[in-house]
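Here you go, one structure.
To keep things simple, chains are lettered A, B and C as they appear, and every chain counts its residues starting from 1.
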Amino acid sequence: MTTTVAQAGNTGQMRRRPVAGRKLVDRLVKVSSWIAAWFGIFVMGFLVYEVIKRGIVAINWDFFTQPTPQDATMTSGGGMANAIVGTLVITLCAALMAIPTGFLGGVYLAEFGRNGRVATMVRMVANVIMGVPSIVVGVFAFGIIVKPVQHYSGFAGSVALAFIMLPVMARTTEDILNLVPNELRESGLAMGAPRWKVTLGVICRAARGGLITGATLAIVRVAGETAPLLFTALSSPYWMTGLFGPGGFFGGPVANLTKTMFDFSGSPYSYWVQLAWGGALVIIVAVLGMNILVRLLFQRGKEW
Amino acid sequence: MVGTTVTDQTSQQQTPTVVPPRLEVSEERRAGGDEDFESLPSQISVHNLDFFYGKEQALFANTIEIKKNRVTAVIGPSGCGKSTHIRTYNRIFNLYRDQKARGEIMMDGENILSSQTDLLELRRKVGMIFQKPSPFPMTVFDNVAYGLRQHYKLKRGELSDRVEHALKRSAIWDEVKHKLNEPGNALSGGQQQRLCIARAIASEPEVLLMDEPSSAIDPVATAKIEELVLELKSNYTIVIVTHNMQQAARVSDYTAFFFEGYIVEFGPTTQIFSNPVQKQTEEYITGRFG
Amino acid sequence: MSTQTEYLAGPAGPRDAAKAATRGRLRLGDPIFRVIATICGLIVAVSMFGLTAVLIVDSWPAITGVGAKMLTTVAWEPSQGQYGALAALVGTALSTIVAMVIAVPLALVIALLLVELVHPTVGRVVGTAIEMLAAIPSIIFGMVGLFVVVPWLQATVVPWLLNTPLGKVPGIKPGPSFAGGGLSVLTAGIVLAFMVLPFITAVSRDVLRMVPQVTKEAGYGMGSTTWEVLRKISLRYANSGIVGAIFIGLGRALGETMAVAFIIGSVYNVLPHSLLDPGTTIASLIANTFSEATSKLDVAALIELGLILFLITLAFQVLAQIWLRRVQRTTGGRA
């Protein structure tokens, strides 16, 4: 065996691979990487530009105060106010259902269940839910809320959105709580405080920034969803009228921004399309704005 | 005296002034047996090397000769520039935009700091072992074969022969011969470091740079690595940075003492440790600082 | 752990005082808290099984009534009792493939650029911008797709494409249902690509940044070029993270409704013969026809479509987990 091995330091016995070829490939990759990457970035920037360009025209005082037009001949006036309010209400209700539950579920995963069998299963299931298409969630909410009572409702929409938010909130909470060093837990407990006080008072206070960020981003994410609302909250040209009854939150369809945008985009009336673009701009501003805000407020230390 | 810089003994300053080296060998200050420093072939000749991290200068007019097939140890307190210095030998600092070197480092007749230098070829000739054992995320075999596959055209049989040979020379063959297809980081720390040494020597470099190779591993493994260094020196030129003076004394032929970016003293190891010329060297060696 | 004993063996005063104070106090808080938290955790799991159950139960009439024909026949005419979703399945597959073929290489290349090739500050800023883009709701992609991409493709790209030899290639050559090429599987694929691109790019970038600097230096120290270090070392290190992101992107592309519903052309009864033909996906079929569902069977059929979509995405998730486990084994357990 050793006879075929060259003496150390004597490279003359090994044939060299040409360096020029390797350098050329490296160069090619770098160049095409620059071109392709900037192309991709440009396209994405173009998308944002288009939304701004088309949407800004629609933004005026009426947009935020007038309900959606039902008259196809309108070319001005009218707005998306009822839709915006509807989205806020639906999302808020979903948040009220999902955020506390998800938070406590995350506490369970991080503090109690940890690596036990139940917790591992819960984690796995949460990951699966996060991969479920939002339209399937809408179908589920339809089956469980709309079908039994034979009418659409804003509440059904909230249930669908809550379903999506729940695992996200739980996993985010777990991740953030896991970042809190164990020393903090131990020192809290060593003071004789009960577990729940240590967890809620000490640990969560330490992780406060991350938790608020997680909750906010989860809410913002579902606020922009359309598919779950297609067969649950549907949409409506009117203002929501209270809680019950045909125009109420639990009683019937509720106007919301994304479904209205969907309908208006598909309509043949250019003014309605323009309103839809206005809605798109509002959504982008809200989503990007909240993202930037939470980063600025709570991630000062982190490199971003 | 064998040395490269002279401290102004009368002033209170810590920072030495730089004087061109005057190499003089006398009886008591030879490494091992009789050795004429001047007549030994130099692998690396450094002249007036300056180094900058952005605007901050980290190395000042370093001048040193690394001799072929000898072990040169680089010692000094933390942050004195030891690692920075040897990282100029393979220009690994070029990865970072704000790090710059100025001066002359001659290897095989050319200045490797020039922009014409073929970095790929330089790094084939100069292998590096880092403080933290860093096997690549691949099998043991692929780790060692990495450089071979990259620089050379070899047939399958010759490739595995050379891998085996490198692992044997790194005194790790027996421990891994049944694990060649396991991931590199499944090994223990000391084994990983020897794997990295095998990886470095497999592609037949001329120089081995070792940056505190045993500071992150246990003493038993450290002893193995020191043995390895002594064996390898017959085929490679080795420069080893260490903060462990006993290690430097055990393993090296020549030692350079760095302080705050200057080479305060350089000479045969026996002389540096028994009879240092510079006061600072003596203070460091006797543990008065650093 | 020494830190544990440090804390527990702290100064005698506070610890003893606290201990004395809690002696005799009713410790109800803790068990209640634990139970509540556990219930909330279980709700997550239960909701999942609830979803599966509801989907199966509510689509049962269609499962028994239509059976396997839903997956094998093309004609979707509920008014005539026909529920063939093959066109939707094909459209889903095609649009997803187009999307991934465009998005994955582009994402990797952008991530490479941001991590290795540009000034660190530029990399950070652009990287953050991309993370924000990943948060944009899909309906906006759908709208831009409908009003910007579709007209442009129809007016400019498709006519040009049809004039080149590429236009004769099967798969690009227009089929019987060709409608100008704007509203087509290709358009849907392109819009989907840019919808999943930010997410895959952001994750790839994050994972590539986590490759330890020492390991990369060791690679360069062996005399490798940037590309070689990326290919042989960084990508292996980042492998499972990137593969995971790709599977998540894949899942999104499969189930995406709003970005596709507008622009794929909504042709339910003819299989697309080329990328330039219009078609439909399962998700957009459900979305577009739900309002027309009149009979109980119609509704059940659409719910069955939902179930099918759910099972498809579930299958890919399982596949992803298997793949990831295998990848982790060969690269040495690196997450």
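Here is the rule we use: a residue touches a chain if its C-beta (ideal position, glycine included) is under 8 Å from a C-beta of that chain, and two chains touch if they have at least 3 such contacts.
For clarity, every value in this text was computed on a predicted model and none was experimentally measured.
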Counting only C-alpha atoms to place each centre, which chain is farthest from chain A?
-> B
Could you tell me which two chains share the largest number of C-beta contact pairs?
-> A-C
At what distance in angstrom does the C-alpha mean of chain C lie from that of chain B?
-> 49
Let me have the rounded angstrom distance from the C-alpha centre of chain A over to the C-alpha centre of chain B, please.
-> 52
Could you put a whole-Å number on the gap between the CA centroids of chain A and chain C?
-> 13
Could you say which residues in chain B touch two or more other chains, in rising order?
-> 120-121, 150-151
Which positions in chain C touch two or more other chains at once?
-> 225, 228
Note: chain A residues in touch with at least two other chains are 22-23
Within their complex, state which residues of chain C touch chain B.
-> 119, 212, 214-225, 228, 232-233, 236-237, 239, 330-334
Where on chain C does chain A make contact in their complex?
-> 3-4, 7-8, 10, 14-15, 18-19, 21-22, 27, 29-30, 32-34, 36-38, 40-45, 47-48, 50-51, 54-55, 57-58, 105-107, 109-110, 112-114, 117, 124, 126, 128, 130-133, 135-144, 146-148, 194, 197-198, 201, 225-228, 248, 251-252, 254-258, 261-262, 283, 286-287, 290, 299, 302-303, 306, 309-310, 313-314, 316-317
Any idea which chain A residues touch chain B in the complex?
-> 1-2, 4-11, 14-17, 19, 22-23
Quick one: which bits of chain B touch chain C in the complex? Just the residue numbers, please.
-> 90, 92, 95, 97, 119-124, 127-128, 130-132, 134, 136-139, 146-147, 150-151, 183-186, 196, 199-200, 203
Can you list the residues on chain A that touch chain C in the complex?
-> 22-23, 25-26, 29-30, 32-34, 36-37, 39-41, 43-44, 47-48, 50-51, 54, 100-105, 107-109, 111-113, 118-119, 121-122, 125-129, 131-137, 139-140, 142-144, 147, 163, 166-167, 170, 183, 186-187, 190-197, 199, 217, 220-221, 224-227, 230-231, 258, 261-262, 265-266, 273, 276-277, 280, 283-284, 287-288, 291-292, 295, 303-304
